[in-house]
Amino acid sequence: MSNVKLAVIYYSMGGTNYQLSKWAEEGAKEVGAEVKVLKVPELAPQHVIDENEGWKAHVEATKDVPEVTLDDLEWADAIIFSVPTRYGNMPAQMKQFLDTTGGLWFNGKLINKVVSAMSSAQNPHGGQESTILGLYTTMHHWGALIASPGYTDPVQFTSGGNPYGVSVTVGQDGKMLEDVHAAVKHQAKRTVTIAEWVKKANQ
Amino acid sequence: MSNVKLAVIYYSMGGTNYQLSKWAEEGAKEVGAEVKVLKVPELAPQHVIDENEGWKAHVEATKDVPEVTLDDLEWADAIIFSVPTRYGNMPAQMKQFLDTTGGLWFNGKLINKVVSAMSSAQNPHGGQESTILGLYTTMHHWGALIASPGYTDPVQFTSGGNPYGVSVTVGQDGKMLEDVHAAVKHQAKRTVTIAEWVKKANQ
Amino acid sequence: MSNVKLAVIYYSMGGTNYQLSKWAEEGAKEVGAEVKVLKVPELAPQHVIDENEGWKAHVEATKDVPEVTLDDLEWADAIIFSVPTRYGNMPAQMKQFLDTTGGLWFNGKLINKVVSAMSSAQNPHGGQESTILGLYTTMHHWGALIASPGYTDPVQFTSGGNPYGVSVTVGQDGKMLEDVHAAVKHQAKRTVTIAEWVKKANQ
Amino acid sequence: MSNVKLAVIYYSMGGTNYQLSKWAEEGAKEVGAEVKVLKVPELAPQHVIDENEGWKAHVEATKDVPEVTLDDLEWADAIIFSVPTRYGNMPAQMKQFLDTTGGLWFNGKLINKVVSAMSSAQNPHGGQESTILGLYTTMHHWGALIASPGYTDPVQFTSGGNPYGVSVTVGQDGKMLEDVHAAVKHQAKRTVTIAEWVKKANQ
């Protein structure tokens, strides 16, 4: 079994990307990975959060989820990112965290991390693809190995078929419109498995 | 009313993008545009087409649709492209046509064309977004004005909500899974209207 | 002459994108635009800025440049964005500002803004293209009209030839390696001119 | 040493991408790979080629380079693509070849290929980045592992620093403006090395 270390790094206001992250954790553990589910720091002021009941409730419900640190990136062999779209690109909260990794980057500490990403949006074609592809642009700068799911498993065809990474559409009621549980688990297992290949070859 | 000249340029194997193009024509005519629906030349050998019944039938059904020429590009004030995805990017047939426009480009004949694009795929997130965005990359090189639909009309929210351009998912039976008729008409009207602004200002 | 209102919105640590913005202002004024040069709010803590002499000096030198507000977006007919790359995508500071525009977006107040963008990077191919294209992805969501420079003027061929928007490479000493002054002015004039066409048609 | 099989697949009119491909072969062989340098089939009619002296000369000079086949894709553990930009996207010739891989794709024969790409353009920022990123979009559909160079070696900083893949600018005289020989070799070695990790783990 794998001793791959996986960091699942997410941003969530309403819980969707937290749920995706937990499913990724579930899949990764099934193939033996050690997993940390980690949130990126919030940029919004507390009073803005407090004005939005769903957001406030989610922040409180996940107050014990650790915030990601630069040490977590160094620790990880593999990383899965999960973000809602904001106008076809990742939220500023995730970008701000990525922008703080210059020191690790300069010292080559992000090279060969095996990565993939997931996304959500409120419209069926509301940036699910472009958000993930935008995140991968940054991963190229890191020298990461990008292990998107493609169509590597039949589950892709029943879960929306986003080859860049699993994505969901979130209805007005905050519920996911597609059943992507199995697809997320597949993506997580694939990311971990490839990281295992990389790790073994470098031991 | 408008005297805008609109070229709707498409590639289609099974009829989806031809249908989208006809709906675009319908919308554009309602705002007074002069419209040409034009197909790009096929690259596949006839014997390959003949082996695929649906493809063969579509080719025969549209044999009277004119093939696009470079003169059509010069003629047009506005252009709408409609293509199925091929691995998240436009089909080679469309790319080959675009690659032949170097002479027009060199002479500045493609500047300020008002453009937008539409797409289709077999999976709900099978490249609908990335195919359109890839086509727009080429439009930047032309010096075109990109007039994607965004969320400029409520119809966007009932038709998949692809802000880059209308897109559809095509089932195994070749039928469109979303009702995008009204959204295509909106996109066409918007493209024509903006071209009209550009045209009036330059008369 | 034009009565177009142009907002030049930038983020800058070392002054490059501030300089590009001032050149854009210069070009835009030559075609009669009313121009505001505006910075996005900083996300970095003051103590981090203070540890970096160049950054600290730039922050002090531009302390009188107004911070952009949502009202500025409503006021503007045209917007030019100018940002350094951060891993092939805009900095979190700019993204955070864009992410706060949901109210304007919901009320359709960002539709038909005429936009273009500029970028800088420390390597000659360090994200100059992808950063601008990433920003345009968001503009599609707004329903903006994207008026990139393409090759609409010969100056493009002497200034790096980035058709998506003017870009520069910044050396270790903080100096721009290409002379893009004229190219920036061209881009600004083009953005304003197209906004003028849109404005006139809608009066 | 490696027994990795590398296919370097290119399109070239003037020789630049053929030269990049030969350098990739050189680097890959130094780490023990078995290498095939392969051209994609031409789409232009012979009479068009004959009217352009440089193009005609290059076609004749490389007439013994084998054309890539679908079998070559199945054979390869790793693939490096090398293409000039055409309006910020790969040439139709390469796209046409990629579009013929549906059978392999359907049977899962393209999964876990380790890939990277290179590009050229006539302007310093003429699509070098976007062309490579566009090609990677297709690779996600394949389920390939994308191993871009990032900044994994100091040579990147002296060769233009394109983290997505090595790129060059080609002057009016057809000569490359940057010295990317060492950077191409590094990219090839990196692609092969990662393919070796994947191969070993799957034996």
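For clarity, chains are labelled A, B, C and D in written order, and residue numbers in each chain start from 1.
Note that contacts are C-beta pairs under 8 Å (C-beta built on N, C-alpha and C of every residue); 3 or more make two chains touch, one makes a residue touch a chain.
Each chain and its UniProt protein: A, B, C, D = NAD(P)H:quinone oxidoreductase type IV.
All values reported here derive from a predicted model rather than from experimental measurement.
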item	value
Most widely separated chain from chain A, with each centre as the mean of CA atoms	B
Separation of chain B from chain D, taking each centre as the mean of its C-alpha atoms, in whole Å	30
Length of the line joining the C-alpha centres of chain C and chain D, rounded to whole Å	34
Two or more partner chains touched - positions in chain B	88, 105, 127, 130, 133, 137, 140-142, 163-164
Overall pattern in which the protein chains touch one another (line/ring/star/complete/other)	complete
Chain C to chain B touching residues, read off their complex	105, 108, 111-112, 133, 136-137, 140-152, 163-164, 194, 196-198, 200-202
Residue numbers on chain A that touch chain C, as the complex places them	43, 86-92, 95-96, 98-99, 127, 130, 134, 137-138, 140-142
Of chain A, residues touching chain B in the complex	88, 122-130, 133, 156-157, 160-164, 167, 178
